[in-house]
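Next come two complexes built around chain A: one with chain B, the other with chain C.
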Partner chain A sequence: MKTKIFIKHAFTGNEASAYAMKQINPDVVAAYPITPATEIVQIFSKYVSDGEVDTEFVPVESEHSAMSVCIGASAAGARVMTATSAQGLALMHEMLYIASGLRLPIVMVVGNRALSAPINIHGDHSDTMGSRDAGWLQFYCENANEVYHTIIMAIKIAENANLPAMVCMDGFIITHGMEVVYTLPDEEIREFLGVRKPLYSLLDIQNPITVGPLDLYDYYFEHKRGQIEAMINSKKIIEEVVKEYNERFGTNFPPFIEEYKIEDADFLIISMSSAAGTMKEAIDIKREEGIKVGLLRIKTFRPFPYEVLREKIRKFKAIGIMDRAETLSTMGGPVAIETKAALYSLPEKINLINFIFGLGGREFTLNDAFKIIEITKKFSEGEKFPEVLYIGVREEE
Partner chain B sequence: MKFKSWKDLPEGAIIKNVPTSIYFKTGDWKSKVPKFDSNKCTNCLLCWLYCPDSVIKVSDGKILNFDLDFCKGCGICSRVCPQGAIEMEDIK
Partner chain C sequence: MKKILSLKELSERNLGLAPGHRACAGCPFPSIVKMVLSSSDYPVIVANATGCMEVTTTIFPYSAWPVPWIHSAFENAAATIAGVETAFKALKKKGIIPKDKKINFIAFAGDGGTYDIGLQALSGAIERGHNFLYVLYDNQAYMNTGIQRSSGTPFGASTTTSPAGKVIPGKMQERKDITEIIAAHGIPYVAQASPSHFGDLIRKVRRAFEIEGPKFIAVISPCVPGWGYEESESIEMAKLAVETCFWPLYEIDHGVYKINYKPKNKLPVKVFLEKQERFKHLLEREDLIEEIQKRIDEKWEKLLFLDGKKIR
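On to the complex of A and B.
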């Protein structure tokens, strides 16, 4: 935050998201309210009513319809945004694959929330982890300030890659927690983003096209291969856009993975989202006790930055990986499973231990973070543990 | 037919050289075929109106012929004809 152009606000994650959307001034927003992301479109609809944006706001009757409207509008060439959570994202599931398969750069803010059952409205990553193979880019933010800036970057990344993107923040912890957010002036954002240049447009009547035709065994595979290539290429685009943003505005956002005190660390913790903030605090305290622990915070989960991750962790012997979601595969959480997969082809033997925490919004305390550090330390020294540990769950009354 | 590689396809699986439907002969799996008797026909054009595949070709208000490349043999034309001028025959 070097430049003086920033304006300081006290915003919740939802307010920061709505404010970013106002400044982006998208052509179309279609959304259906759901806790904890309701406020994003609620506040945005006020901007629409007050004439502060030019957006065509479509209040629909379900999230399935919300994403359907977004797809139609984006295929027409519009800049399109929406927001959702948990069950809403699950209801969109069918349409998520259509958005990505049609290569439509819709940007969606997701207030991460636990999926039912049992019914719960609080933060964990089960919703977006359920969509991790839907062909969307996924960025997990640590705080409201990062959410604000990531939404702006996500527009440019998505439109350059022609892929849809989710900007994820922990439900209630970030969506409803008020923090300092440094915003940019409208004109800076509009100059940075420019106008969307779509791959194709349904409204281009001089060049009629068919969108979404039947595509069987003779061409579906080729089209999917092209989509895979777009995901591969998006890594370069993410790197370029984040670099451009950081240089332009004096920020220091990581394109893929944030490092925290890893240079002299004996072992590492890997985390995502708001829990990384708690873990940084815990690391500072534990380092005063002489425990050399570092943190990697995975910001970009899709595409999975396995090349960067490999290089950052290959010199370590032991790593504790935190997951705020379960795969119910009996192999632990998605971050741990994918990290293991990324490391398999390395000659180095790196021992991994997986910590599942915070399901259904269970508070993740400093003591929980200490526990993770202490177990990972013992694990790094050779002590045996189960492959997956549950932090913060009651084992006994 | 030569198939394109994934690198040569438009992104997003769109089709650019529309309409492509004229190249796809949808009538090749029919089991019945319409037999048209022009002597009974009064050119009311109900068959032309009802045909779901625009198979019946008309010029100056008169039926010219049936484009069997796209006729799937559904028999709707035969059913709606008030004069009994169209009969569906089995394909042997």
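On to the complex of A and C.
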């Protein structure tokens, strides 16, 4: 935050998201209420009613229709946004693949929440992790300030990559927790984003296009191959846009992975989202006790930044990986499984241990963070542990 | 705007659907599409639900659509066209599209995509008041997947999931009255039409295009393999549906009911049923045919009662 153009606010994650949306002034927003993301569109619809945005707001009858409206509007060349959580994201599931398969830039803010059953409204990553292979870019933010700035960057990334993007924040912890958020003036955002210039538009009557035709075994594969290429290329786009943003506004957001005290670390913890904040504090305290532990926070989970991750962790012997979701595959959480896959081709032998924590919004305390550090330390020294450990859960002895 | 176009005028227009599509021989929906699209005095944009129409008019790299067209999924043609229409409104507001530009937005979906899986999205889109015309081409079953019953399948029809068997004589539930369900939303214009009465169909489409807001037209679309008749008889089937009052032609224009065609001699429904494989098993069940006739008569009486009345 070098430049003096920022305005300091006390915002919840939802308020920060709605404020970013107001400043972006998208052409179309279609959304349906769901805890804990409801407030985003609630606040935004007040902006609409007060004439503070030009946006056409479509208060749909379901999340399936929310994403369907977004798809129709994006295919018509509009800049389109929405927000959801958990069951809403699950109901959209079919349409998520269609948005990405049709290569439509749509930016969706997700208040991460545990999926039913049992029904729960609090934060974990089971919702967006269930959509991790839907062809959307996924950015997991640590705090409300990062949410605000990531939403703005996501618009440009999505439109340059012709891919949809999710900006994820932990339900309640970030969506409802009030924090300091440094916002940019409207005109800076307008200038940074410009207007959307779609490659094709349904509204271009002179050049009619057919969007979403039947596509069988003779072309589907090529179209999917192109989509894979777009995901690969998006890494360069993410890097460029984040770099441009940081240079322009004097910020220091990581495109893929944030490093925290890893230079002299003996072992590492990998985390995402708000838990990384807790873990940073635990690391500071443990370092005073002489324990040299570092943290890597994965910001971009899709595309998975395996090249960067590999290079950053190859010199370590042991890593503790935190997951706020389970795959129920009996192999642990998605971050751990994908990290394992990323490391397999390295000649170095790196030992990994997976910590599942915070399911259904179970509080992740400083003591839990200490426990993860201590176990990973012992693990790095050769002590044996199960491959997957559950932190903060009541279990039978 | 001229209410009725002559056949000559119509054939001089861009028909909106190119030859070479793969609809079954005798299928009437290509004619329905051409009648709807060529009735528009302004450019059109079409959203299509998954189904026979989407599958047979597009297969990459081919498309029979010379107009902008989008298909995204089965249950959401109304929500998808709502998105396109909203983008149009938004870009007009921002001055990216000229304020006086006119486009007619149209959604096409079958009975499965309308009565069943798409009902919620349709209900939502018309409640929100999007400016579009929804055209149901009603072939009365899931024909694209091989003739499964839908809630638009009429009582007594044999389908692959309501087969006429030794114990159960076909579908034992009456179809939903989708036209009345949509009318209950209180939208400005709702109608039933048939490709056999093309002048009436075209007039209804042109009337719909005159009105700002959501419009709904249900068009009967006989299906050669699904109903079981000769390829040359589709329009004849549609005509019999009208002449027997199985499919009455009427409209509700801003709350006013109007029957657009009253058969001089209302034919018994048996004349319609006996020509189709899907009802063949009923010929041994006079009681069921009587039941069907009774339901048709009741509905027709109700329509005659409502004819000319303003219901809201």
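Keep this in mind: the second predicted complex is superposed on the first by the 395 of 397 C-alpha atoms of A that agree within 3 Å, B and C clash if a C-alpha of one lies under 4 Å from a C-alpha of the other, contacts with A are read in each partner's own complex, and residues count from 1 in each chain.
Throughout what follows, a residue touches a chain if its C-beta (ideal position, glycine included) is under 8 Å from a C-beta of that chain, and two chains touch if they have at least 3 such contacts.
A quick note: this is a predicted structure, and the numbers were derived from the prediction, not measured.
K.L.:
Which term applies to chain B and chain C once both are placed on chain A by superposition, clash or fit?
P.N.:
Aligned on chain A, chain C clashes with chain B.
K.L.:
Would you sort A:162 into first (chain B), second (chain C), both or neither based on which partner it touches?
P.N.:
first
K.L.:
Touching A:382, do we find chain B (first), chain C (second), both, or neither?
P.N.:
Neither partner.
K.L.:
Thinking of the overlay built on chain A, is A:102 touched by chain B (first), by chain C (second), by both, or by neither?
P.N.:
Both chain B and chain C are touched by A:102.
K.L.:
In the superposed arrangement, does A:225 touch chain B (first), chain C (second), both or neither?
P.N.:
A:225: touches chain B, not chain C.
K.L.:
So, does A:51 touch the first partner chain B, the second partner chain C, both, or neither?
P.N.:
Touch partners of A:51: none, neither chain B nor chain C.
K.L.:
Contact-wise, after the overlay, does A:61 reach chain B, chain C, both or neither (first, second, both, neither)?
P.N.:
second
K.L.:
Quick one: classify A:290 as touching chain B (first), chain C (second), both or neither.
P.N.:
The answer is neither, since A:290 touches no partner chain.
K.L.:
Name the contact category of A:215: first (chain B only), second (chain C only), both, or neither.
P.N.:
It touches chain B and chain C both.
K.L.:
Considering only the stretches 3-11, 21-29, 111-119 or 201-209 of chain C, report the one that runs into chain B.
P.N.:
21-29
K.L.:
Indicate the residue numbers of chain A shared between its chain B interface and its chain C interface, in ascending order.
P.N.:
102, 208-213, 215, 218-219, 223
K.L.:
Mind listing the chain A positions that touch chain B in their complex?
P.N.:
Interface residues on chain A, with respect to chain B: 101-104, 162, 199-200, 207-213, 215, 218-219, 221-223, 225-226, 229-230.
K.L.:
So in the complex, which bits of chain B are touching chain A?
P.N.:
3-7, 9-16, 18, 20
K.L.:
Write out the stretch or stretches of chain A touching chain C in their complex.
P.N.:
Within the complex, chain A contacts chain C at residues 27-28, 30, 54-56, 58-62, 64-65, 68-78, 80, 94-95, 98, 102, 195, 202-205, 208-216, 218-219, 223.
K.L.:
Which part of chain C faces chain A closely enough to touch in the complex?
P.N.:
Listed in rising order, the residues are 43, 45, 47, 54-55, 58-63, 65-73, 75-76, 79-91, 93-94, 96-97, 103, 120-121, 123-125, 127-128.
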